[in-house]
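Heads up, the next two complexes both have subunit A, just with different partners, subunit B and then subunit C.
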Partner chain A sequence: MTEQTAIIHDIGYRHYEGPRLGRGSAALALAVHSLRGVFGLGRTTRSKIIPFLLVAIMLLPVVVSIAVMALLKQSAMGYPSYAVTMQAVLAIFLAAQSPYLVAPDLRFRVLPLYLSRPVTVLDYVGAKLAAMTVALFLLLAVPLTVLYAGELLVDLPGPPHTRDYIASMVCALLAAVLLASIGLALASFTPRRGLGVASVIAFYLFTSAVSAVFFGVLLSVGRDAAAKWALLVNPFFLIDSVQVALFGTEPSNGEGYPAGPWPALILVAVIALALTGLIMRYRKAASS
Partner chain B sequence: MNTVVADITYRAMLGRKRILLLVLLPLALIGVAGLLRLIGGSSEDTAVTLMKTFAIGTILPLLGLIAGTGVIAPEIEDGTIMHLLSKPISRPVITFTKFVVAASLMAVFAAVPTFIAAFLVVRTESGVAYGFALGALFAGVAYAAVFLLLGVVTRHAVTVGVIYALVWEGLVGGYVPGARKFSIQQWAQSIADQVSSSAFFKADVPIGFAVPAMVIVTVAALLIAGQRLRGLSLTGDE
Partner chain C sequence: MTILATEGLTKRFPRVTALDRLTVTAGTGVTGLVGANGAGKSTLIKILLGLLPPTSGRAEVLGMDAATHGAEIRRVVGYMPEHECLPPDVSATEFVVHMAQMSGLPRTAARERAADILRHVGLHEERYRPIGGYSTGMRQRVKLAQALVHDPRLVFLDEPTNGLDPQGRDDMLALIRRIGTEFGISVLVTSHLLGELERVCDHVIVIDGGALLRSSAIGEFTQATQAIAVEVEEGLEPLAARLAELGEAVAVQGRVLTVQVRSEDTFDAVRDAVCDLDLNLVRLEQRRGRIEDVFREPAA
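And now, the complex of A and B:
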């Protein structure tokens, strides 16, 4: 019998003995990490180019508008129409960034690693959704707030457009929720980033083209009421119609929207549908 | 042209979820054309609007983006392009083969549905259907080449392509007439205008500029893509 020579050296690994933050903190950390990632913070320089370029484009009309207010002493751009005017930029931002949030985790099948922690599927989806919503809201709210601050500083004759500003801020939040849920739902169906970008932008281009074509054709054959309904196919006009219904602002398309609670109901239904799709997709991904 | 590479690329394009978008978009175009006919807008004016804003302005760039980047960008993204590049096939031949695949997909999924959609609305009246189908075919080929080049040059090919199609061709082209000269969509419209005799439709770019520009852009994009693929570096992005 040989002498026992094997020993276990203590090489200094330590257990974590600090406080264990629970499920909420994990979800919050995931949301903050995702939000930073949407703007390319904590990622390579190259992935910062597109989000910050789009932020700069969003701020451009605001800067021009403030300059016009300061020099010509007249208001240049209304708050309620800002989201509709900048819809292409918002759509590109959504299409470019929402696949980043969902695609890599699906592609490398790391979802089970998240779920082995206190985070549940709903927490995960909620964190991603919150990150995209906050990002889109910031994209809209920062230029609007800058414009409002500019208006207050320039001090135009007449009262400031506080009511319009509040209306546009509330609807910026609604737009952010709507766009984020649609964008993430569409992007989560493919683990490939390129295809995710293509499907989100295809959705936007398709809906905006359908609404434009049907609006034009229905007007030309004299069915004005139906033409106004056709506009609601475009998500940005849907938001604008809710804004008109809630706050009585000027419609951005110059034609008006169908009256009554229907635009708001459609908005809620679309958000619910997108969220259901998103959650079902992740239920499936988590079980595989 | 390498048939094996072409075969593999076809299988990659038609066997995945990519096919869904490739089929859904043209179907949507035909569906919209059918709906327009139902609501009684079957005039030449409607057909021209549908073709200009929807077929050429929306569906064509989207399909070009999906087909053009789809033939090569996913392979570069997940690194499997290495297996292809390590074979004794010249890189320009690889890009050319992939371009042929993308261009043929554009002919099937963009040009043919464009013709069907226009035919549904106005039949063959004043050559609108023929004109726009031909325009979609040539512009589809040009889009395929340009977006293939983008797929080789950058990891964010689809995003950059979207920005080109939406911001340059859509927004800037809408306000700045000079920008329209350098837009593939407008070149497609020039070709369509040449064939059709419709009074509702006038292209902004003369055909004498559009056709040479289209040829130059396609050939140049292919040559540059072949060159870029010779010195491709596979570095992780994230």
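And now, the complex of A and C:
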């Protein structure tokens, strides 16, 4: 006869005696949760398709470029022009994924649950913004870094383009902040995800069309200086103009941008405007 | 021990006064907050959570001022809102783990607590499926689980039985009772149905139009409403008339006469009236008082 060694007890309700972390770690948890969500991690397979497809498209020119470097021993694509070249892909990513971060919480009214916890409205907005910024930065920084690693491995004649690489990485961060704040601000105004996608993509199409039309018209009437200002309406050219001003890289549009500190100031002003709109939107949503 | 207290609490919105000089206290255990829709129940909860500043007056939760210590209160208090608040595309487990982290629990602890609490509220295998496919009863359980996952000292449940079928309602009420007793978490539960709350509450607060109507222990409610049901073969009307003459509060409900018990004399009066009128008494029983009766107008 064997002795009974294990018994299952119904231990009932147990209280939690462990640590309770502060607002900061709650906000960090929200940011990580949101960042995973942007790439569809921890969600259905269907929601992974679009983000990873776009990541693959972003990597495509890099792969081609490395192949060209390896086979023809000449550099193919420059770092500074990468963001401008891939602007349509970035815009689609922003339009497709930024509504995911904000719309469901408004539509399914999860926001009151967040606010019934120690986090504040500003923590919430900050976490969402950080998640989108990091996602966009990764989308730009990973291909750029792969390209740089490729360049170092292929070992082209002449020194590596380290300065260009650093310039493009800094501007990738600026672009991520700018695009994330614009995308979230636009998407947060509607609880409907589809409308959010449409409004972000409409914003991109509108700004790029306006900047192209004005640039063309002003150039044809001989007002070259004004034409260069018109380019800055497109957020991607705005970032490029800041890159030119900060690092003296080649302008990606071939024409150049207005000189001086103005592009940088406009960039800061646009980010501030978008953030103000975003915060005001959530102040209102929180009080209702 | 007092878990929450308000003093002259007033909240005015541009067009309505939601709370009007409300002064109440509640102790540990299960407290019911009763009022019609629009009586100010949800507004009171938002003020107690420190999410809405009061126009005037004070509110204290677990000894902390709601207007200045909102974040500290929200760390140790749970909240289950009245409205739908669940994202459809994540599983209950994932959602509750996330909400535990949002209350400051480290990730491993959040996982353990979420598994524990989902079992306590009665969600089993289905907790791994997306919430979008859940029934109303299951959704209410998830809402309750997210309010309890961080082991709060006090939990606010706003209309937890809304939309549930009778069985679901009973289960939810039994669960609320367990939270207050077995779990040792104080509960403030709102409802517009008085009858529901008397089954689970130790104390009931009734508000109407943002003002206090009544606040007392559940025993006092049912005591005040002691009534007896009298049934006779024929001659219910003469009996009712005789008792009314003697100053008793009587109401005819179908074939049964309900008599409010004022004192011991009421029983004698009923006995004497039945004898005097020479009626055949079929039934004489004590009716269990219900909170509703306090507010119900006696039938004319």
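Here, the second predicted complex is superposed on the first by the 277 of 288 C-alpha atoms of A that agree within 3 Å, B and C clash if a C-alpha of one lies under 4 Å from a C-alpha of the other, contacts with A are read in each partner's own complex, and residues count from 1 in each chain.
One rule holds for everything that comes next: a residue touches a chain if its C-beta (ideal position, glycine included) is under 8 Å from a C-beta of that chain, and two chains touch if they have at least 3 such contacts.
On a predicted model such as this, the values are computed, not experimentally measured, just so you know.
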Notebook entry, point to check: Now for A:R23: first (subunit B), second (subunit C), both, or neither, which partner does it touch?
Noted result: second
Next item on the list: For A:S288, select first, second, both or neither according to whether it touches subunit B, subunit C, the two together, or no partner.
Entry: neither
Next item on the list: Give one of first, second, both or neither to describe whether A:P104 is in contact with subunit B, with subunit C, with both, or with none.
Entry: both
Checklist line | Contacts of A:A209 with subunit B and subunit C, given as first, second, both or neither | finding: first
Note to self: On the A-aligned overlay, A:T45 touches which partner chain: subunit B = first, subunit C = second, or both, or neither?
What the structure shows: neither
Notebook entry, point to check: Of the partners subunit B and subunit C, which touch A:V197 in the superposed model: first, second, both, neither?
Noted result: first
Margin query: By the touch definition at the top of the document, which applies to A:R14: first (subunit B), second (subunit C), both, or neither?
Written below: second
Margin query: On the A-aligned overlay, A:Q74 touches which partner chain: subunit B = first, subunit C = second, or both, or neither?
Written below: neither
Notebook entry, point to check: Can you pull the subunit A residues that subunit B and subunit C both touch?
Noted result: 43-44, 47, 104
Checklist line | Footprint of subunit A on subunit B - complex, ascending | finding: 17-18, 21, 25, 28, 32, 35-36, 39-41, 45-46, 49-50, 53-54, 57-58, 62, 65-66, 69-70, 73-74, 77, 155-159, 162-163, 166-167, 170-171, 237-238
Note to self: Can you tell me which positions in subunit A touch subunit B when the two form their complex?
What the structure shows: 43-44, 46-47, 50, 88-89, 91-92, 95-96, 104, 189-190, 192-195, 197-199, 201-202, 205-206, 209-210, 212-214, 216-218, 220-221, 223, 226
Next item on the list: Spell out the part of subunit A that touches subunit C in their complex, as residue ranges.
Entry: 12-16, 18-23, 25-26, 29-30, 33, 42-44, 47, 104-105, 108-110, 112-120, 286-287
Next item on the list: Name, in rising order, each residue of subunit C that touches subunit A in their complex.
Entry: 49, 51-52, 71-72, 74-75, 77-79, 81, 83-90, 94, 98-99, 101-107, 109, 113, 116, 120, 130, 146, 150-151, 182-184
